[in-house]
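Structures given as structure tokens follow.
One chain, subunit A, appears in both complexes that follow, with subunit B as partner in the first and subunit C in the second.
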Partner chain A sequence: MRVFNRTKQIIAIILIAVSALVIACSKSSNPGGPDNNAGGFDKTAMLTNYADALIIPAYTGMQTQLNTFETAVNVFLDVPTTENQVVLKAAFKNAYLQFQHISVDQFGPAERVILNSFLNSFPTDIPAIEGNVTRGSYDLTMNSTTVQQGFPALDHLLFASDALSKLNSAGNANRKKYVKDLLTRMKTLVAGVLSNWKDSYRADFIGNTRSDAGSPIAFMINQFAYEMDQMKGPRIGWPYGKQSGGVQYPQNVEGYNAGISIALATENLTNLKAMYTGGGNGKGMADYLIALKKEQLNTDVLKQFDAAITALKTIPDPYSTALTANRTQIDAAYIEIQKLLTLIKTDVASATGVRITYQDTDGD
Partner chain B sequence: MFKVFDRLQRQVSIAPLVSFRILFGLMMLAGTIRFWVNGWITSQYIAPKFYFTYIGFDWVRPLGDTGMHLLFGAIALSSFFLAVGFLYRLSASVFFMAFTYVELIDVTNYLNHYYFISLVAFMLIWLPAGRSWSVDTLIWPQLKRDSVPLWTIGIIRLQMGIVYFFAGIAKLNADWMLQAMPMKIWLPAKSHLPIVGELMYKEWIAYLFSWFGAVYDLSIAFLLINRRTRRLAYLFVLIFHTATAIFFPGIGMFPYVMMVGSTIFFSADEHRYILLKIKRLFGFHDDKRNRNTTYRFNNAVIPWMSAGLLLYFFLQIVVPLRYLLYPGRLFWYEEGYRFSWRVMLMEKSGNTFFRVVEPGTGKTYEVNNNAWLTPLQDKMMSTQPDMMLRYAHYLAKVYTARGIKNPEVYAEAYVTLNGERSKPYINTTVNLAVQPLSWQHYTWVLPYTKHEK
Partner chain C sequence: MMKNFRTIPALLIMGLISVTSCKKDDDNNNNDNVIPPYEVPTTYNFSGANYLSSTQRVKMGVELNSYLGTGNNATVTAAKANDYFNNTNAPFADATLNTSGVTLAQKTADPTVFTTYFTQQASNSLQNGVAATNGTAGFYMSGTTKRLVGPTGMEANQGVAKGMMGALYFKEAMTLLTSVPSADNNTVTNGSTAMQRAWDEAFGYLGVPANYDPEATYPNTDPNRPLLWGGYLAERGKTIEAGKVIFNAFLKGRAAIGAKDYTVVNAQITIIQEKWEQLVAAAALAYVTIPTASTSVNDLAVQFHALSEGYGFLSCFKYRPAKSKLSAENYTALQTIINTNFYTLVNEAGFAKLVQAQTILKTTYSLN
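The block that comes next holds the complex of A and B.
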């Protein structure tokens, strides 16, 4: 009997403790929402910064760059000369560099239209492209055509060694039209994603401070890891022969004909660092880590970003020729990239409580 | 001793078994439909190119698109039949075998509550839970029974108790109790919750969650079995598991399994009372005839049944303790981690690079894990040595087929555990292709070292 009373007492105490907790919680809650407090970390402010200072401006910049590029394309297609091609290449590079700013934002509206796949699937499918040009008929909205369009397709159509001669040969109308169609397609996609962000997704994005699968925070951390995986694989490692026992694939590099692979990779990583820190002024993941008392980790991640960027910059463009000429630099950069990938994929993801997988399932 | 034995033989109302059967069947039906609708049959059992099988169950293979959907159809149908009590024993057997088969396909998908469901389904095969409130007794009234030996209900209670108690024991480790890890990591990710959200950054909340969780798991079964504390304890079950469902939606069906499962602790009379109420609600009257039909096991069966039960519960106690036979830190090596009711216990993630080397030439092929594994498989593999080994053996096979003789497979892995910095996990000089898969301690996993935060 006495034992039972004890148990009852214990339960009563626990119940009182829980109710006290609930009361304490409800009293200290403020009407501005749970994430706008000084004690913790303002995730809403962080997400607002991401949307307004980084992501939306990146898409706006992409739009601007594509317009500038389009002007140069039209000039070049009217008079396809070596001189015009040089001017065009500068505009192409600027636009492609700007793409590296939106590459990491592949979630929400961009994910719905698989923007990255349509804009930057490389290596591009040259036979398919030439087939489209010859036939003059194609449906660029089909998912199977991602490797027939975007920057890599333009890189081939405009800058391949035989591009000038083909554009100047008889029956070039189809080819010119294809280039223009590709550009229109890119502009339409980017405009769609941008307006989607402005119209509705921005509000969803900053209003969702969760960290579970499908939340903006989880999306971003996963994308950081994904971009690093892309850097390690398709951008740097695979053309170098890491996957293929040393057999190299120089024609598979990003921006092969324009010869700007390392510039693109460096831009990608520099922008990734900006995404990690939250850019110049506002809050970012770096600040979130500090709020989670992970100062040392944050310092090490920033250091590793710099180490990887510095190492990348030692590799000269064009990467397709550096593959054999600059092995030491490539090996060194590869190691730094792998270190950064591990930090983001394990330490940063773990510290922020984010699961690295888009695949939705139960866990325990 | 004999008193206990006599007490266990005592006949009590069949009601607890009946309501457990109905609730279990309905919940499994709902869970199966949810799994199907979420597209997980495809993503977990059709999409993967490679499956991490269990030692001794390598013959368990996925059955293809149609086959898997038929199998899940069988699970759903047998769940429904369990609930309504149609061809009870057959349905229980089909459910147990189909469900367990699915769970044995891929280690990736291991969840403690799936294991629990398999165990309960196995027990249900042998228990007379279909002898009342069932389609069977409508068709064959002579099967109807009103009472059963107490132990038939007791073993389900004991199983529930074992789950809770071992889950509690597992929490009694320095990280959980003294560091409030991994709660300190998981809770700040929950700051979006209304009212309690802003508290999630507070350390004392992490300690409160950790300690409350440990005390709850260790004590709840005792409080449920005790008549005087039962109702209050069940209220706690509801509160606790609702809270876990809100805080950790990722754990899926688990809270509901436990909330439903815990009703077995209510007394036979309470169950009978509730069932009668429901019956009256639908305008039926209590059947006063055959009040004293009791279910008795055949005398010839009883020795086998007793031996089986002893063995079963012996295993239930030994299996979760097998980790004691392994050296090194359990959370790091995960040797003896599964089948031990370690639920939501640690924050662990990793990143693993594999390289395949051709012995003669030294040619090295780095492996793109995405080419062979689903993101979920990659994630699970990256923290669990036995999965890495299975994958390494698979890679050896793949590269042999590509024309490399006796390929060597090396792994470079980094693992972070409970918020510590990631550390090298696998000895990068060991050729995993020739390491045997076994229950022996894996010497190629680097020892756990604790240093800076």
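The block that comes next holds the complex of A and C.
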């Protein structure tokens, strides 16, 4: 019996040694993260949920909103009255709010055409826009014109304090045409990105469950962090003077003339939370974190989302005047945003094994 | 019971033997001559190894680059830059370099390319207080980082730094490695054969310490840190495991030369040449991609800095080995693209030319 036992032991040891050997020999070329079903978590299902329940519907929604907005624009340009401007502003706000749902999807097809840069570079370049209007000639595909188009440019052209008088003055044809050209450009860009998603990128996206640089998971985590950096910087912090020793830039807020900065920021953050959780029913990063045994971190992140959204909502629009009138609320919101940024950019990134690459600092 | 314990070490040894056996694919070519077993060490401390002149040129390059970089805030002169290039008038802070008898110029291909950059950097430095525009040298800021560019957006000092990584270090390493199979490996002079010296010199141009650790992060203050290509093994070569692959191949090849195991030597030459060239491509790809990212759009300091580095790395391909995967046609296409005015490159709709460069690099070198 004893001899038999020993033989069994030896066989067991050999088996272990051999399997260790097989593992050692076969893992030569698999950098970039855990396997698809690590921890029993189905990453393909998660990515499919992102594509089908969040990202593609966000672009479809953007298309719908731009069409509705276009109708309102045409009515307004035909008869530029205060009443029509009020109606227009509601449609503009809806479209701009919908943009906050696609802002986080700035990778793949969107990155190929630098969609966010063309749709939402703010502050907009007013002298350049007015120059384009006066000359009546411009090439909106040039990358240097990102600050002459998109929502911020429309915010200026349609809602600046002198917008109505300019649209009603003689020689307004160029101005009206410029507005229409900007809208056409936005619609073309969004349509292109949407069809690229549907035609080919969706398959690439759900088929790549890795988490190394260039993978969908890395793209999303990077973009979550990037959106938080934008929240802390251009959306909330910079106009408030966080980067300029307290000197404020009220005219640099997002949606300045429409006066909807906080509404936009809140929508952005609320949507970011939906992206983090995976939305209503499907799997998202939150579930992935739980599968990775990071339950506490996930709880902290969810709590912090709520804290930041709640704090943000205490700031009244227009943000440009709140900058001086509501410092307490802004300071409080800024702190919550900062905390959420750190959790996502550091802790969530580390837990998912994703390297933050958009701030690829170059020493030399 | 005691016997059981004794079998465990024996089994462990068996395990180790089988583990080593799975990497020796390329040792198994039917050699008629029996090659005695030899060990591949984990550091480049081979007896008789000497690559001092390579190391000295690497250090000289670093000092030259750092001098040219001062043009951001001070005036630099072509005369002084030429002193670094030719090792004249004792320019180096590391005094041993001044008396080394070694120069950068000795081994740099296309030297006038570099002396022209010196002149450009000198004239750009006179404009270091002026904002740059298309057609005029000056500076751009990105945050607190200042970049000094010439009339087309090019940083001349990056042309030197990355260009010389090609025209000197990469070119020399490729040439030396190509010469290895026909070098003498019988006559020992000063502790090494001609073949060993060629191998050692090539290794020296990699710019890593003898005890290089591909996984380590070397702080900037570490005197032992990898320099030039050595730094890029980590900076742009992580995903292709350039550091591990190239360093291990240098170790294995040097050990194989000692054992006259030429099948292995030749295999290592191929590994090093292919991986090093792929590293050139990975670096170039990163620098033609950064300017097209939405996060750098219209940040000319960031975009032009990347393109300037890309310009230098793309110039390295001129010195690619004969077996290179890059066709002459694609090489020319890459040169045409990167020689375009940088203001045009970053402003083009859809970044057409830069995307074309990305596609060539990705396809040719299996990068993503």
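Annotations for the structure displayed:
Keep in mind that, in the parts below, the second predicted complex is superposed on the first by the 319 of 364 C-alpha atoms of A that agree within 3 Å, B and C clash if a C-alpha of one lies under 4 Å from a C-alpha of the other, contacts with A are read in each partner's own complex, and residues count from 1 in each chain.
Assume contacts are C-beta pairs under 8 Å (C-beta built on N, C-alpha and C of every residue); 3 or more make two chains touch, one makes a residue touch a chain.
None of the values given here were measured: they were computed from a predicted structure.
In the superposition on chain A, contact of A:Ser350 is made with subunit B only, not with subunit C. In the superposition on chain A, contact of A:Val113 is made with subunit C only, not with subunit B. Looking at the shared chain after the overlay, A:Val87 reaches neither subunit B nor subunit C. When the two structures are aligned on the shared chain, A:Ala325 is found in touch with neither subunit B nor subunit C. Shared-chain residue A:Leu341: touches subunit B; no touch with subunit C. In the superposition on chain A, A:Ala203 makes contact with neither subunit B nor subunit C. In the superposed three-chain model, the partner touching more residues of subunit A is B, compared with the other of subunit B and subunit C. By the touch criterion defined above, A:Asp212 lies against subunit B and subunit C together after alignment on the C-alpha atoms of chain A. Applying the stated contact rule after C-alpha superposition, one finds that A:Lys43 touches subunit B and leaves subunit C untouched. Once the two complexes are overlaid on the shared chain, A:Gly233 sits against subunit B while remaining clear of subunit C.
Subunit A residues in contact with subunit B (one complex) as well as with subunit C (other complex) are 14, 18, 21, 25, 212-213, 358-360, 362-364. On the subunit C side of its complex with subunit A, the touching residues are 3-4, 7-8, 11-12, 14-15, 18-19, 22, 65, 161, 220, 239, 241, 286, 290, 292-295, 297-298, 305-306, 309, 346-351, 368. Those residues of subunit B that touch subunit A in the complex are listed here as 38, 40, 43-44, 109, 111-113, 185-186, 188-202, 208, 212, 223, 226, 228-229, 232-233, 236, 239, 249-254, 343-344, 347-351, 353, 358, 361, 363-368, 370, 374-376, 378-379, 414-416, 419, 421-422, 452-453. The touching residues of subunit A, when paired with subunit C in their complex, are 6, 9-10, 13-14, 17-18, 20-21, 24-25, 31, 106, 110-117, 121, 139, 141-144, 146-147, 212-214, 226, 358-360, 362-364.
Residues of subunit A touching subunit B in their complex: 4, 7-8, 11, 14, 18, 21-22, 25-26, 28-30, 34-35, 37, 39-41, 43, 208-213, 217, 229, 233, 237, 242-246, 291-292, 296-297, 338, 341-343, 345-347, 349-364.
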